[in-house]
Amino acid sequence: MDALLHVLVIGVLLGGIYGLVALGLNLIFGVIRIVNFAHGELVMLGMYGAYLAYSLLGLDAYVSILVVVPALFVVGLVVYRLVLQPLHGESSMQIFATFALVIIFQNVVLAVTRGEGYSVPSRIAGHTLELGDVRVTVSRLAILAAVTLAAVGLHLFLQRTMVGKSIRAVTQDRQAARLMGINVERTFMITFGVGSALAGLAGVLLAPIYTLSPGIGGNFILAAFAVVVLGGLGSVAGAYAGGMIVGIVEAFAGYYIDPELKQAIWFLIFLAVLIVRPSGLFGQPGAEEIGFREQE
Amino acid sequence: MSEPFFAARGIAKRFGGLLAVDDVSFALGKGEVVSVIGPNGAGKTTLFNLLTGQLAPSAGEVAFNGQVINALPPERRARLGLGRTFQIAKPLVTLSALQNVMVGTFLRHPRLHDAEDRAWAVLAQVGLAHRAELRASQLTLSERRRLEVARALALEPVIILLDEVMAGLNATEIGEAIALFQRIHGAGMTFLIIEHNLKVVRAFSERVIVIDHGRKIAEGSADDILSRPEVVTAYLGSRRH
Amino acid sequence: MDATSAAYVETRAARAGGIPRVQRAAALYLGGLILAFVPLAVLSNDAFWLTVLTYTYLFAGLAVAWNILAGFGGQFSLGHGVFFAIGAYVTATLFVDHGLSPWVSLVPSALASAIVGALIFLPTFRLKGSFFAIATLAFNEVALVLANYAESLTGGPRGIQVPFRAGFANMIFADSRGYAILMLGFMALAVGVSVVLMRTRLGYYLLAVRENEDAARAAGISVVQVKLRATALSAALTAVGGALFAMYVRTIDPPTLFSLPDVGVKFALLALIGGMGTIVGPVLGAFLIVPLESYLRALLGGSLPGLHLIILGVVMLLAALFMRRGITGVIDAALVRWRHRRRHV
């Protein structure tokens, strides 16, 4: 019983991490249908941004959110406008371009930091709490709290604000949205910015946990895609739930089956869902068709 | 002749709460030309998709040469001799007109040179031989329509389903198209045509079926149906020919 | 023969110029082969460039193999690393454990890869575009984990080492030029298969399926069968490349074989940059990127870490933005402009 609870807690906390990283990607892939390989690198930039905020401004990691997240929003806008918008409709080239961005981002950071590993201390993050028999670090709890808050916030944003509503309109039917006067391109750009900002948020919150390295984005990107597809495109609740599922499955597979196989397990589940129900567990059936009709 | 050549019996299609096609039955004899007319959104193209296998019926059956073909996917029906064109022409855009038609002729002629020779013949038949090596994307609308027909003819079908193949053509082009179809009909082809242009229907149909709200509401000879005042009123003022 | 038929026969004969098509294709192919051999003849004494050329030929062949399914068939796969690895593992294992000549092992390698490819890709064919890409990516990751895990089969994380027993039958060459010729042969094979494929019914059906599945079905094409056959062919060729790779580097392990940037995704990148969906495009892409990458690494690798990759990344980004249809697209556009100018002088 102890072990079960322990594994469950690990799974949920891990799920929080995956969900947080996937929240932004869900927006990007779900709305614009771009396979953004560079999403992991945006998270990485967020992590290094937290480090910069710490070393230059002495900001605690959690405070640096106020600086890093808007910065990543801008980075997202720029990347979309300069690279992805010109390639609109050419999905293969877009994938190619995001891959080029991965190489550029990783190696620019590598060159600037000269391969030194950094860590970002945080006064709050290191503390541990005890829930029953299980010890949990504040940093991971903070992530869980953050992903929950961010998911709720994103949901409200999409439901209540004009920008959010236009994003939802564009997700469902680009032609109709255009006919209603929504500037689809600008909506995409904002979506990409928000998605990148969420990636930055993930990066800042993850910074106290991991040792920073330029290639760290690669650890998250595939899990993030799995979460997005599992949960359902464009569904915030789906990304949240998907993250939890992946995290819990990984924890249980790691404990009860074999730690070496844990990643393969959720990949297989992801493949099964993709084949049986491509719109994901919480997405609308047929949602995956949208966006491809226009790519002509 | 007990078994009709091509028949739909009680065909229906339901999409969730919407009954797009409701208990439609008709039969074609070999060599007949039958037109299907009806207002926009009446379910005519859905009916076609049910006949060709693009959609599976919710009820009823489709029979071809006495064989019930409900379970057959579109490609099997094509191999049996059922050819069709699409309302929104679907040329294979990066291929040349010749290659487009070859995709069809390969069905009966697996070898490259045979398929190519047959493709030239089909293109000549529809009057596109001089545009054969242009990319499909460079063809005019009328030429694309003819390419659609060519690709269907390439399969050497015994029945051909045309979906609004005259839409957007001018009077000369329509005249040429009708002449082409009459030539093909003269060689023994059976036609089932969806058409909005009543002049075409009158010039090139023996029988007419009227579909409205997914149901067959009338059937008879072209002269009979087209002289009915309610049919004519339904069309006057809504389309320009 | 009626008037219409006579007319078309005349048009056709006039256009063809009397030269039968098969011979023209064969002539072009052989010409291309000789052209590809020139760098080898010129650079065979420079150890560095010889290695670069060897890798270039190999990856050109692999990109061509990938292109069969992705460029001609429209199935954008990021999971070809799986086929590459199968070829490498099967051949290496049969050689190390059973002393079987790699030349012979090419057959079971190709076969195993084709079967696995058909099996795992079949359920994913209904997925569109990016979803198919991500699904194949997942295959690569699952295979990576399994390869690390199944130590008895694959040697686990350490992989397999092929001992250096030189000899033609062993496909191990003391003289590096032997490997260069081997890889050139592989490239010639892959390109040859592409050329022949595009002159068969399967090739045309593949293009039709890529363009419009509904129209293809209406033309009597079984879309699933076509995709399966293309997958099997593409996977088999890729596996052959993997087998040759194993005998060249003689040490294979999961991180190398399943590396996305260096293997699985690289095939796609080379074909894209050279021109997806054309026969020579992937070859051109390989001849641009592989030497460029090696040259940059040699030139700048010692200085600022990562600098050579930054430059490579920027080149790739610019290529994506300004050469949308790849190198062949640029050549095509230039030809169109040239013809247009000639006609309007």
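Per-chain numbering from 1; labels A, B and C assigned in written order.
FYI, contacts are C-beta pairs under 8 Å (C-beta built on N, C-alpha and C of every residue); 3 or more make two chains touch, one makes a residue touch a chain.
Bear in mind the structure is a predicted one, so any value in this text is a computation, not a measurement.
J.: Can you figure out the chain closest to the middle, judged by Cα centres?
T.: Minimum centroid-to-centroid distance belongs to C.
J.: Name the chain whose C-alpha centroid is most distant from the C-alpha centroid of chain A.
T.: Farthest chain from chain A, going by C-alpha centroids: B.
J.: Suppose each chain is reduced to the average of its Cα coordinates; what separation in Å results between chain A and chain C?
T.: 33
J.: Report the inter-chain centroid distance for chain B and chain C in whole angstrom, where each centroid is the mean of the CA atoms.
T.: Taking the average C-alpha coordinate of chain B and of chain C, the gap between them is 41 Å.
J.: Can you check how far apart chain A and chain B are, centre to centre, with Cα atoms defining each centre and the answer in Å?
T.: The separation of the two C-alpha centroids amounts to 49 Å.
J.: Applying the document's contact rule, which stretches of chain B touch chain C when the two form their complex?
T.: Residues of chain B touching chain C: 52-54, 73-75, 78-79, 83-84, 86, 90-95, 99, 102-104, 106-107, 110-112, 115, 120-121, 123-125, 129-130, 132-133, 151-152, 154-155.
J.: With touch defined as at the start, can you tell me which chain A residues reach chain C in the complex?
T.: Against chain C, the touching part of chain A is residues 29, 33-35, 83, 86-87, 90-93, 95-97, 99-104, 106-108, 110-111, 114-115, 214, 222, 225-226, 229, 258, 260-261, 263-264, 267-268, 270-271, 274-275, 278, 288-289, 292, 295.
J.: Using the touch rule from the top, collect the residues of chain C that touch chain A in their complex.
T.: Per the stated touch rule, the residues are 76, 123-124, 126-131, 133-135, 137-139, 141-142, 145-146, 148-149, 261, 265, 268-269, 272-273, 276, 304-307, 309-310, 312-314, 316-317, 320-321, 324.
J.: Using the touch definition up top, name the residues of chain C that touch chain B in the complex.
T.: Residue positions touching the partner: 4-5, 7-9, 11-12, 15, 199-201, 204-205, 207-208, 211-212, 214-223, 277.
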